Structures are given as C-alpha cells and as structure tokens.
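Reading through the structure tokens given below for one structure.
Chain naming follows the written order as A, B, C and D, and within any one chain the residues start at number 1.
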Amino acid sequence: MSKKVEINIKPLTRVEGEGEVEIVVENGNVKKLQVEITEAPRFFEAFLIGRSYLEVPDFVARICGICPIPYMYSSSRAMEKILEIEIPKEIKDLRKILLFGEWISSHTLHVFLLHAPDFMKLNDVIELAKIKPEIVRKALKLKAFGNYIMEKIGGRSVHPVSCRIGGFYRVIRREELEEIKKECKDKQELAKELLEWILQLEIPKTKFDYEYLSLQDPEGEYPTIGGRIISNKGMNISEEEFENNIEEFQVPYSTSLRCRIKGRGTYITGPIARFNNNYKALRGEVRDILEAYGFKAPLVNTYQSIIARMAEIYHSTLEIERIINEYKEPEKPYIEGKVKAGWGCGASEAPRGILYHSYRINSEGYVEKARIIPPTTQNLAHIEQDILMQIPEIINKPIDEAQLMVEMIVRNYDPCISCSVHAIKVKIIKN
Amino acid sequence: MMIYEEYILRRALISKVTQETKDTYTYHIKPLESEIKGAPGQFNILYPYGGGEVPISVSGIENGDIMHTVRFVGAVTRMLSKMREGSVIGLRGPYGSIWPLNESKNQDILIVAGGIGLAPLRPVIMEVKKNRAEYGRLMILYGARTPQDLLYRREFEEYSKIEDCEFHVTVDKGDEKWTGNVGVVTTLIPKVEVNPKNTIAMVCGPETMMIFTVKDLMEKKGLNESRIYISMERRMRCGIGQCGHCQVGPFFVCRDGPVFQYSKIKRYFEVKYI
Amino acid sequence: MKSIIMMGTENELRTLFDKFKGKATIIGPKIPNGEIAIRYCELNDYSEIPREVEDDQEPGKYKLMQGKFFRHGFDSPKKYMFPSTLKIIRVEKELEVKPYNYDPKETVFFAIKPCDAAAIKIMDKTFTWNKDAYYNAQRGKITIIVENCIKPGKTCFCATMGTGPRATENFDIAYTKINGKVLFEAGSIKGEKILMEIEVLKPASNEVIIEFIKVMDEAYEKAKAPFTTINLPEKLEINIANENLWKELSEKCLGCGNCTMVCPTCFCFDIYDESHLDEHVDRVRYWDSCFTYRYAEVARGHFRPEIWAMYRQWILHKFSYWKKQFNILGCVGCGRCITWCPAGIDLRENVKKASIGV
Amino acid sequence: MKIAIFKFASCSGCQLELLNLEEELLEIAGKVEIAYFVEASRKLMKGPYDISLVEGSVSTPEQLEELHKIREESKYLIAIGSCATAGGIQALRNWAQLEEYKKIVYLNPEWIKTLEKSTPLSEHVKVDFEIRGCPINRKQLLWVLSQIIVGREPFLPTHSLCIQCKIKGYTCVLVTRGEPCLGPVVMAGCGALCPSFQRPCYACYGPSDLPQTIKLAQQFTEKGLSKKDISLLFKKCESWTPKFKEVVEKYE
C-alpha cells in the first residue's frame, strides 16, 4: 500500500508577506518540501541606488513594519563606518532603549498574540482571551509599554522618525526618559509573571543539534547593535567578514533569498540563538527565574524559542531602567561625519535575529550598491530543514495535528508578523 | 465652573417622515425638552448621533411640530436619511434672520425658488395663506431639475387655490408625463405681471440661479435691489457667528443672514469666489 | 487712574513677578530645554525669562542669537483663552448631552509684548460678541503685564497698526527696560494697586522721562509698515474684484495656513465629532483656517476653491471686514504671519499693493 | 459587522497599527467580527464582508486578480496606508527599468513575476475610503472604525500638516533652520511627528487637499537646494501621487 501525504499550507507569509508550505511525502520519503515565499518583490536594494546616504534609514525601515528600528540601526551603522562617525555612549544608550522597546513590543506580539495560542490549541488571541483574560490583558499592557517607549523616543512605533545617521534628530531629554522609567517597575513585574506562565506551558519535546548564530556585544552585554558574529559551532567573525562566510541562494519557488554558512549548511538566528550564545549576559533576575523552573542555556528544542523570547522581554524591561538611570543628555543630538566614497557594513539584532546591511556610497554620499540580509531570509532554509527533521513524527499524526505541527515549527521562528502564518491552510492527503 | 451653553443640543423626536423626492424627506420634529421655535427664513441645527451638525431651514410649523425638509447630499444628511418615526435627534436653534414678512404687509409677494430652495420659502406661503388679508398678490415661481425633483407636489393644488395667487412651475428637463413648462426658473419671470413699486421678491436656490433671477428682476421687472431678498448658503460649523466659515464679506450668514436684503449683500454677492 | 511713570530696577521686576508666585499661573517668555524659539509657557521663576538673547526675524526666517532684546516666538496668548483643541460637549447614545466643565485658573501674562496685549483687546471684542464661554471664563481671570518694545524686529509694524511699541491700553502694568533702569506704568486700577505695594518704586525724574520718550520714539520709527490704516478698509475693497491683483499677491502662497495659526487674533475653528467605541461622542473644537480647502466647501460646490481667493479672504477679513464686524482692525502688526510664513510672503508689501492697486 | 483585513505588497506596518490598538483591540473584537485576518488568526471566514481593510500596493498579476475578488465581496472597501493609497515606497520602481531592478536584487531574475508598476488600489477598483500614511495612524484608524460603527460615513481632516504642527505647538523647522520641510503641502494625520523632533517632514501622508507642490519646490530652489535634491524630496513613499509626480518629473 503506497502512502502519500501531501501538506499544502497556503497562504504562508514572509517577513512582510505571503508564502506557503508544500510537503509531499510518499511511502515515508519526502518528495517535496518547500517553504515558498510568494510575497511581491519590492526591490529595495535597487531603488536605494542613487539615493542620499541620509535617506537610507527611513527607506529601509519600510521593509518591515514590525522591526523598523534594527533596519535603521544596521544601515546607520554601515554608513557611520564609512563616514568615520564614533557613536558616543549616550547615543548608544538611547538606541538600546529604543531597540529594547521594539523587542518588547514585537516579542509580546509574537509570544501572546501569535504563538501562545498554538500551545493551547486555539485559533487566535481572541480565543485565548476568553480562557485566559488576565494573561492577555497583561500581555497587551506589556506590548503597549514597548510601543510607548518607541513613541516617546521615536515618535511612533512603526517607522520611527527621530533616528538618523549619527544619532537622533534632537536631544532626547532626561525628563522624557524619566516618564518611561516611572512605568518600568510595574512592567518588570508583569514581565516576570508572564515569564513564569510561559515556563509552565506544555511544550513539545524535541532535541536537535543545530547551529545558532548571533552577535556578541563588544562590551559583554546582551547583544544589540554590532559586535562579533559567533556561533555554538565555533564561528567567530567580524561584521565585515559576514558576506565571505554566509552565502545567499535563491530557489525558483520563492521571492525571498535564503542563506547558509559556506560549506556547512543552514543555521538559526534569533532569540534562541542570542540566548544560547550569550546566556551569561542576560540579567541575573531573568536567569534566576529560568533556573528555578529548570531551564538554562543551551535550549536545544526550537519550540522553546518562546522561552528565549519571553526571557528577552523581561531582560529588556530591566535593562531599560538601568540605562535610563545612567543616561546623560548628549551635547549634540547626532554626530556629523565626513562624506566620502567607501564601503561599510553593519549588523544589529532584530527581534528575529541578525540583520546585516552593507553599502557602497560615492564621494557625494549617494548610494552605489546596497545589500540587505534580514533574519528571516537567514532562517528560511533552516525552517525547511527543521520540518524535514520532524517529518517522521508529522506524518504519523492525524491530519489536523500534523497541520498544526508544521505551522508551529514555522512559527517557532517568528518569521515576522506576516510570517507567523497563523492562517496556514494545510492540505494533507493520505492515501 | 463654566459650560458651553451655546452648544447644548436639545433632544427631539421625529414624529413623522414624508418622502418628497428620491433624495429629499420632510421631517416633523417634536421637541422633547423645551419648545422649538423658528420663524420663516430661520434655520435649526440638526444632529444625528455621532454624525455632526447640519443647518437646515425651517420648512413649516404644524401642531407645534417643526418641519425640516432635508436633501441627502453628504455624510450627515445621509445619516438623517436613515432616521425614521420615533428616532431621537439633537437640535439647537433657531438661528438667523427671517423673511421680510413685516415689510411685506399690503405688498405683493413674489417668490422665486429653485430646487430645495422652496423649503425655506414654504413657511412664507403658509403664512400668506393663513393671514391672506394682510398681504397683496402672491406669485410663486418654482423650478426644479426634473419633475421628480419637485418638492411638496402634493401641496401644489393647495398653493394654486390660495386666493389671488399665481403659481408657475417649470423643470429643466421634462419626461413623457410632463405637460408643464420646461426651462430654467428665470424663464417663468416674464409670465408674471410685477408692480415694481409694490412688490417684495424672496429668492432662494443655487447661487447661480439667484444671480440670474436677481438680474432679471431688476433689469426686466424694474425691481429695486432693496425690494429683493435672497437666502444664502455657506458652510456653517457653529451657526452662531463664532466659527468664521460662513462669512460673505463682512457678513456672517448665520447671524446677519441667511436672509439678506439684496441691496445690503450685493456688493459682495456679485464678486467671484468671495 | 494716575498714569505716573515709576522708576526702579530689575529687582522690582522680580519683586513684581514674585507677587504672583503661588497665587496664579504665570505665563511668560521662555526657551524650554532644547527649543529653538522663544515660547510662551508657564514660568516658575523670574530667572526662566531668557536674557542675553535676541530673535532675528525676517520674512520666512527666525533665529535666536546672542543679544539684548527679544520679541516673541510664534505662539501668542491666544492659545490660553482659545485653546487649539477643546472638548466642548460629550454626547451619549440616546442623545444625552453632557457639557464639559471649564474652570480656568487665575493667570498672569508676564512680559508679553504690547502687540499681544492689543490682540487680547481684539479678541475681547470678537469673543465677547460671540459669547464664547471658555474665553470669557478665562479672560475674567487674567492680569496683563506688558514689556514695551525698545527694539522692534524686522517684521514688526505695530506702529502702523497703533498697537505699539509702547502699550497704551488693555494692560494692568507696562514696564520698559532702559539702560539698566526699569520704568513702570499702571494701566488699570488693579495694576496701580500692585505697583503701590512695591515701595522702592519712585516717580521717574524728568530726565528719565525724556530718555524714555526718546527711546520709544526711535522704536516707533522702526515699527512702521509702508501703508497707513487711514481709510484702509475702503481702499482695499476697491480692488475686491481684481482677480489678477489677488493672483499676483498670492503668487507664492502655499495655502499652508501658518499665517492664520500664528496670528494672535484669528478665531476660526471647526468642530469634529470624535466617536468612541464605548458609544460616546466628543464634540471637539479645533483651530481652523480660511486656507484649508474644506473651509468654504459645501455639499455640492466650493465658494473659494482657489488659493488667491483664500488669500484675499484673509487679507480683507483682517484689514477690512473685521472693522465692519467688530469696529476694529483684525491685525496688531506683530509680524508673526510674515516671519512664520514658509514662503516668506511680506504681508506689509501686499497690503500696500492691494490698497493702491497695481 | 464582518471585517476582513487583506495585504498586498507592503511592510505590514499598517495592519500592525491595528494590532497596536492594544487597549481597544478586545473592545473592537467585541463590536465587530474579525472575519479574515491572516496575521492574527488561523480561523479564516469566507466573504462577503461588511468592511475590508486593504493594505499594500498592487504589484503582481495575482494581486490584481485578488483585488477584484475582494471588491466584489466587500460592501465597504477601505485602502490603508501609502502602499494601498499611493503605490507606496515600492512605486519608486515605476520610474525604472523593471528588468534592471530584478537583476540587481535577484540571482535568478527570470524567476520573478511582477507587474510593470506598483499602483494604488484606486487605479483598479472603486475605493470607498482611504486612510493615508506610511504608516497609518492608529488613532485615525480607530476614529474611522468608530465612525462606521456609529453609522456615519468616515471622515478625516485633509488640511496641511502645518496646521496640525501649529495646533500641537511645535516650532517650525523650515522657518527656524531653513530645512526643507514638506509640511506645507503634506496632509495632516501623523500628528506632526517630525517637527516635534525638529526634523523636516518627509511626507509620509502624501499631498494635502490643495497642495502647492511646484511653488514649494520653487521655494526650496531659492533656499539653494539642487534640482536633484528637490526631486528626491518628493520621491519617497508618496511619489506616485500626481502632485508629487509633477515635481519629480519637472526636477529630475
């Protein structure tokens, strides 16, 4: 008896878009496994050419409404290297607060609105709110806090307006940050409670030996902007070496490129990678709770990415308060550099992992070449890999469960909001 | 402590709705809190919940109910179109000046109305009918785009039966059933005999129609500009001379108008885009 | 009321300021942290009033720099009596109307300019006529302390409009800083009483008064526009139908509305119905401008669909209609609309051109 | 009332603004039925829908087909954001050679299918209302939704950003620093965010209701900006709107 299992998940979405998953298994052999990206191409790398270096952060922010800040940071960092701008501590600190704000907002969105319903076999957050109203209310409050931070410092949470190359458009005043600080204690409490709730979720058990790639902060903090790129399998390179070590490739069924480490294969970037590679840099308060529930790095089960994400939320709420306490208003809102021809690259940790940019500009500051490698692109090939590893289990499940399982695997990577694929239609044909 | 009394809307009940044309209804409105007045020419501000305020002329008073005839042209009026008998709306007013009924005592009255412009003039017709002896001849010239756009058709017979009343109707474009006049309202002007020394004209309609009517009345009928009254329409956000929108030259249409003696407004009325 | 000029020093100015501390909200000029213009805001201490700065104002340009005497930024006392956004009433389903309550605080305008005091006089006429409840409530609780302008700016023309550079009416106390001295004048009984309490003040000597007059006279010459207000409404209206003229005058106008927003007397507003999910609606009043497209739009047409007509409405309202409506001109010559016009249109030149035709 | 949310070429930022209505989200869900929202729910209901919110520009043949289907299934179609109302930032390719662009971005350009231009919904179907901005302002979105719930056709102000800037009390960056702020020709809606950070507006909300774009460009020329810089100023997420296009074409 031949047994054919066909799983067709449509629509599935990319960082900012649409995609599908198609799986065909015949007699236990995988005939087809495609995580397809059908999102309309938007040609950012092309229309950036000829634009002024100053415009780039605002443009690339528009690649993704969920994580515009790292887009602005990676591009600014690349330009700042070309222009030889040294970013002072005050501005670095501000940037970190803003980024943590985005992590809080983006992670809370994913953990509670998109991911948690999976573990409770629910369709969406509205259903979750019916059985766990307190949890949802707390999560929404926490998410609002993330947005509040971005609005205070950035003007708005989607495509903030205050960031520029060299710093910010105006000095962010202490008083403004004090207002954020007032909220911190309360939100730390919320984050802690929610972390404890997540730690008690029933999470599927798997164990795989994957490669995790993340930044490592030069000052030993939890990684945010810039630093070495490290992995649990011994990779340790500078941002400048990224393009030499990571290769991009394209598959015919997808408008998204995908990545692998040259000569080695696919890898994971994102919260679970940061967590595993930088566990010591997490705030002690966070580790204490994790360990009290029996968790610590490395997490080798990708379903536990939800734990890494929630840990980062709590970490962020604590760090924001610390940085505000140390904050001194910078003298100048931004540092001006010398426009000259050159090439530069920059990486930062987006909520979903390493975001790498590189640019070449001419002597008048107009872009000649742009290269952007977002985390979801990097994870994409690995998502297929991850599904592949779990195929034996998937095909032995009843149809709905198999369907949900594939979706869950994809959602573990939080491939941006669109890519959270809560609405993946899975078609499984068994014969 | 202070409150903005000027803006307090009073609750009122729609007691009857009559369809006039495809897009125009007449509402009979019963005040629920205090009496609502309104003299011919004046307007009230109507407010469907959450929609916004619209100024609408008084088109009649019947058994203590006030009548408003509304054409549905935009967001707020279309909201009104969904209101039925028994609906509650907000209302404030009355505001604005009145038709020169006092000055018209013992005078002939010439009414020229275009489209929805008959609504503010209907109370004048009713007043003349009621106190027939106090006024001279009544002439009504009314025009609309098509026969289907004529307001108050069910009352036309009543108008023509008013003693010593001439009533002419025209449409820009007739249909198979239409046997009456065809042409813009100014084509009716030659049909009436006007004594320029003894006639007060009251005009309301679209601004271009008013421009041509006034011109004809002065040039062809010899009416002095001080004997002509027009009712103007402007955007109004407050109705009480605060918001600035309704200004025509130095005049606030909501307070100094909407009814203006033509001699007073002429200087501005004739200027393009004033 | 005796209009005696009293003499003191900056110490007495501080004493005057301190008299209001804790008793009233004091509004005055300040350069808030990180700001790039002088703003009217709440002051907690006399020392917050800027010193050693000057505002360089030109058509379409404003810059703060080192200097001795500053004038004003773009905001005026208007925003305190006629807030840019104000909830008027709340309507609940079934049309239950709940008015918002206003309880304005006792307020002192400290160190505002003569033109601003004159603007309040104009607003008194427009808003009182209008029975504006909020305005009247706040206005009844205001004390006006004016600083006379010894050095009018490049966009000022208060002299022409008869509102400055020395305040002559509509204030409680006016003061003038001249060569290290501060001269005080009372403009109301209230002001006189306050001044009497400051014992150190002495009547100014003749020499000081002569010095004062000389400074004010020089200032007067610097604040003139190239037109006069004599018969201005009539002169302007002669050209009311001259479309080409208005097109030429508004050639650079962007229709952005900045001029009306910064004007200390412009009073137009719109009311929005802000509906909320919990089934209540706030009727909110916002500043509006005759330069917005919707301003003169009606259901099926537009009364002023082109920029030149809007521009004419603005000029004629200020310099002609206003006089007919409120028996006063609508402009005080503060020059804000000139400085803050992004296109740098010089109102003075345009009024001049419009009043004689081209 | 059944609401559906759709997405074409875009960054998802506008629908994120819907999710960012944290406090109101559950309240909205109580008033209306969120029938189709790929980003938020596994449960997808079939049309017809009372209101469809559509994000993103039309840029592939499939999207065009889907748009017509959405139009048929929706009583009230609202375009949200610059992409859906103006073609979005990806409309910058409308000025370029598409094949060139494909080569720049993709290793195998022949695999990429797309329409020649990225266009707003209104170029293809009747749109009942537009909420503009890149991204839209969630307060405006909420206002529009609550107006519809109350039974009113939606309304949003269309005047210049300068008016909002002054209502909020921000100091003008154009006048104080001579920086090329587009506020005078841009529609209000964001809350004058950039001026609040002393930054010139770069026009996320597109043209206001009577935008004097050519005159403003002329102003900038007088302030010393080069033709190229002026055309770049107008060539951003709202570049495909007629009044902005006019400047881009004249100054490019």
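Just so we're on the same page, a residue touches a chain if its C-beta (ideal position, glycine included) is under 8 Å from a C-beta of that chain, and two chains touch if they have at least 3 such contacts.
This is a predicted model, so every value here is computed, not measured.
Summarising the inter-chain contacts, the pair of chains with the most C-beta pairs in contact is A-D.
Put simply, the chain farthest from chain B by mean CA position is A.
Separation between the centroids of chain C and chain D, computed from CA atoms only, is 37 Å.
Chain geometry summary: the mean Cα position of chain B and that of chain D are 42 Å apart. Rounded to a whole number, the gap between the C-alpha centres of chain B and chain C is 40 angstrom. If you average the Cα atoms of chain A and of chain D, the two centres end up 25 Å apart.
With touch defined as above, residues shared between interfaces to two or more other chains in chain C number as follows: 34, 272-273, 275, 281, 288, 294.
Residues of chain B found to touch two or more other chains are 49-52. Residue positions of chain A touching 2 or more other chains, listed in rising order: 170.
By the definition given earlier, chain contacts exist for A-C, A-D, B-C, B-D, C-D. Of all residues in chain D, those touching chain C in their complex are 24, 27-28, 31, 142-143, 145-147, 149-150, 152, 157-160, 162-163, 166-169, 171-172, 174-178, 181, 183-185, 198, 208-210, 212, 215-216, 218-219. Residue ranges of chain C in contact with chain D, taken from their complex: 34-37, 39, 60-63, 73-75, 79, 84-85, 252-258, 261-262, 272-279, 281, 286-289, 291-294, 307, 339-343.
Interface of chain C with chain A (complex): residues 33-34.
Chain B meets chain C in the complex at residues 1-9, 11, 47, 49-53, 73-74, 77, 88-90, 207, 233-235, 237-238, 240-245, 247, 249-250, 252, 267-268, 270-274.
For chain D in complex with chain B, the touching residues are 147, 150-153, 155.
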